[in-house]
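Here subunit A shows up in two complexes: once beside subunit B, once beside subunit C.
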Partner chain A sequence: MDFEGYHEGNSIIHRIDPRVRVLITLIFSFLTAILINFNALFLSLTISLLLVISANLNIIKVSKNLKAFTGFIILIWIILPLSIKGETLYKLWFLNFSTEGIELALRITLKSFSIILLFNALISTMNFSVLGSSMESLKVPLKIVYLFLMTFRYISVLDEEYKRLMQAAKIRGFKAGVNLHTYKTYGNILGMLFVNAHERGNRVYKAMVCRGFNGKFYSLQNFKISFKDFIFASMMVLLISAVLTLEYSGILLKIQKVI
Partner chain B sequence: MHLSEGVLTGPVLVAAIAATAVGTAVGLRKLKNEDIPKASLLSASFFVATFIHLPIGVGSVHLVLNGIIGLMLGWTAFPVILVALLLQGVMFQFGGITILGVNTIIMAVPSVICFYLFKNYIRNNGNTFLIASFSCGFLAVLLSGLLSAAALYISGEEFLDAAYMLIIANIPVMIGDGIITTLSLSFLRKVQPEILS
Partner chain C sequence: MKTIIDLQRIEYRYPGNEEYTLKDLDLKLTENEKIGMIASNGSGKTTLFHIIMGLTKPSSGTIEIFGKDMIDEKDFIDVRKKIGLLFQDADDQLFCPTVIEDVAFGPLNQGKTKDDALEIASDTLSFLGIESFKDRINFKLSGGEKRLVSLATVLAMKPEAILLDEPTTGLDEKTKDKLIEVLAKLDLPSIIISHDAEFVNKVTSKIYTIKEGKVLTDKDIYLHSHVHAHPHDSDHKHEHTGTVHSHGHPHGRDEI
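Right after this comes the complex of A and B.
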């Protein structure tokens, strides 16, 4: 498994305080998730794209990451225009493509691409320990932060272990098929994975206690808000208000029409 | 099982976050400091296990395993699933922040329900064990499917068809999870029964 992300870059975005990035991502994502107005949605996607560009991300890598997600979007474009009843925009034999369905599919597409690109630009540009410590300094419960950091630490270890067990099965002639033997093999491999995880968990805890663990991880991260963080945050607040204005002005127009 | 970002409405997202906060708070209270490494290791093993492709019929399915997670962790399943989902989003760079609350509820509520329903029956032998463990795996995925369908339906009645499709598409997963839960529980009972207590 390859989880490199983009934390090795050195763009303007990479140099912004991680806590500011996490906060902006949270605010901006939730705002985008509830947008209805198309102008607001297009602006939000544009902002995300600008952030991706200023983070200097590898575009090929970004589009590779989006590939699996694009499958879901295509599915939405197949299901929604046909299943939602409304004004018919286009009729093909017995298939009705409704305006409402297409609007909804477009809205979902814009929202999700905008949120994911934002995430790529602001969060995938920091490594896990930095993300962990910024969660800690943003008052996320410590146990959650430690679960997060330790789970991440051991995913690759357990992945190796799983591969080792599978390899052992394959050497003994195991071939997956639809039969009880296959299910038993997977059941046992999974059970063995849990047993190993459990044992290793006990060992890790003992090793931590031996090294003086007292319920707290000490971080070498030292966060400091600087002038450029302030500029970045204010710019983002300005852009967020622009998105809000577009969304809100749409509603105002509707109210005026009703009156 | 996941819902994707950008589909659900604001009230659903917020309500799910509130519910996740409550469940996670209960789970964290039950999670002692010395159990954090063990919970993390189990969380990592579930993370790895969901990549297994299990052949069913003509295709293959990804396991969900939230039934067995519930049996091993009880309420601690809440923070563990929350963290695993967050990690998935960060590691594969598809985010999932706004939908994190909803997805945690979808996965963790069935885990806790299965924990209370089946924790005693899986200690029995013979058919009671087989039925209980299969139902545990099957029901957990079914409940997850129903919860995701409900989240879609509450967000908009126009998602009704998609919600039905989601449940039907997950029937093979329910069967696969039922079978694997049964078989790996019977392995665990022989090899290391204390994991389940």
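Right after this comes the complex of A and C.
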């Protein structure tokens, strides 16, 4: 897994104050998640794409990130058109593909891609410490920030532990199958993972105490808002308003139709 | 000579275990003293270090550090500023996302300003010859690199004595030589646990071991081998002279 993202770049986006980027990402992704109108959704996707381009991201890496998500999208395209009741768009033997289902699947696809690209462009372009500090300065509760940072630090350690345990099982001839023995073995491995994680947690805490930890964390980041951050934020606000306008004019049109 | 650590009649048993891990243990570290500790896996070396740092509370016995009786957690908070412990597993010690943050963590807790802490961190990394690691991500370091960064986090707090728990695991020969050089340059009172007899001989002046929950000093080890060696084989001269090597040798390799 790749947790590092693209924080080593030096594009316009990389130079925007991380706090501004985090805030814009939060607002924009929340808005995108609730959009209904297709024009608004397409505009949102376009904006995300533009941000990816201005962040000068490695396109291969971006498409890999998207690919990791396609399984889910394909599942949605199979399930929704068949399971949502509505006007039949296409009939294949006894299978009904409903217009409503297809529309919903398309909406979810647009939303997901738009939000993933947005995170790639604005969030993956900072390192985790910076992200943690900006969350902190945006008044996200400290416990959440450090939970998040520690997860980032230790997820690979956990991954290694899991691989070690699996290897130990395999060396002794374990082969996954559909039987009780397999489930029991996985259960044991999971149990060991929890125990190991708990003990590691204790040791990490001890190591922190040894270095004078007394419940307070100090950030090493220095943030400074500058004119370009202001320009960026204003541009984003304009674009977000445009998306909103499309969304609401769509709704208005619908209401007019109904009337 | 000033005494830094003085443990007397320490006993400790892990909850749920039948056996005492440490039993009637005495240990003394004075200034200018460098003690190597070679003992088999599970003999209680790590537990001993954690007791010295106040991370594990012994069920009985007295701990005196820098001439002061250690009674409660408050006493140990002071100790941790003066004695640096290098943990056996570097992944326990490095919990920040990046190297520089981890090294600056100690100085920040000591009340240093952000700029001072960063400067101390950079200086410590340079001292260890790893200033280029500064902005690297901790979990992407190799085992040996993690060890060096862990050492940096300990040294950044400017300790007056150090306890190193198996510092050479995962180090290649070159890095090990660097560590030997660094330890000589630091010249701090220290206790160093290791399975690597050659390394221990180079960085310490005496070698102790732990047996049945007790620390055996170099003198004890000598007596021990003397008593045992005689009746069996009186011709074996080097059994007498090889004080340390006869008994203090590691029995197992790394922990699995």
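One rule holds for everything that comes next: the second predicted complex is superposed on the first by the 242 of 259 C-alpha atoms of A that agree within 3 Å, B and C clash if a C-alpha of one lies under 4 Å from a C-alpha of the other, contacts with A are read in each partner's own complex, and residues count from 1 in each chain.
Throughout what follows, a contact is a pair of C-beta atoms (placed from the backbone, for glycine too) under 8 Å apart; a residue touches a chain by one contact, two chains touch by 3 or more.
As the structure is a prediction and not an experimental result, all values here were calculated from the model.
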Could you look at A:F230 and tell me whether it touches subunit B, subunit C, both or neither (first, second, both, neither)? neither
Once the structures are superposed on A, label A:I115 by its partner contacts, choosing first (subunit B), second (subunit C), both or neither. first
According to the stated criteria, A:Y248 is in contact with first (subunit B), second (subunit C), both, or neither; which is it? neither
With both structures superposed, pick whichever of subunit B and subunit C touches the larger number of subunit A residues. B
Examine A:N127 and indicate which partner it touches, taking first as subunit B and second as subunit C; both and neither are also allowed. second
Return first, second, both or neither, reflecting whether A:Y218 touches subunit B, subunit C, both chains, or no partner chain. second
Please indicate which partner A:C210 is in contact with in the superposed arrangement: first for subunit B, second for subunit C, both, or neither. second
For A:R200 in the superposed arrangement: first (subunit B), second (subunit C), both or neither? both
According to the stated criteria, A:M150 is in contact with first (subunit B), second (subunit C), both, or neither; which is it? both
Indicate the residue numbers of subunit A shared between its subunit B interface and its subunit C interface, in ascending order. 3, 128, 150, 152-154, 157, 200, 204, 208
Subunit B residues within the subunit A interface of the complex: 4-10, 13, 24, 28, 31, 33-34, 36-45, 47-49, 52-57, 72, 79-80, 82-84, 86-87, 89-95, 97-99, 156, 158, 161-162, 165, 179-180, 182-188, 191-192, 195
Residue set of subunit A touching subunit C in the complex reads 3-4, 127-129, 132, 149-150, 152-154, 156-157, 200, 203-204, 206-214, 216, 218, 220, 222
In their shared complex, subunit B is touched by residues of subunit A numbered 1, 3, 5, 25-26, 29-30, 32-34, 65, 68-69, 72, 79-80, 83-85, 100-101, 104, 107-112, 114-116, 118-120, 123-124, 128, 131, 141, 143-144, 146-148, 150-155, 157-159, 161-162, 176-178, 182-184, 186-188, 190-198, 200-202, 204-205, 208, 215
Enumerate the contact residues on subunit C facing subunit A in the complex. 50, 53, 55, 77, 80-81, 84-85, 87, 89, 91-98, 100-101, 104-106, 108-110, 114, 117-118, 137-140, 153, 157
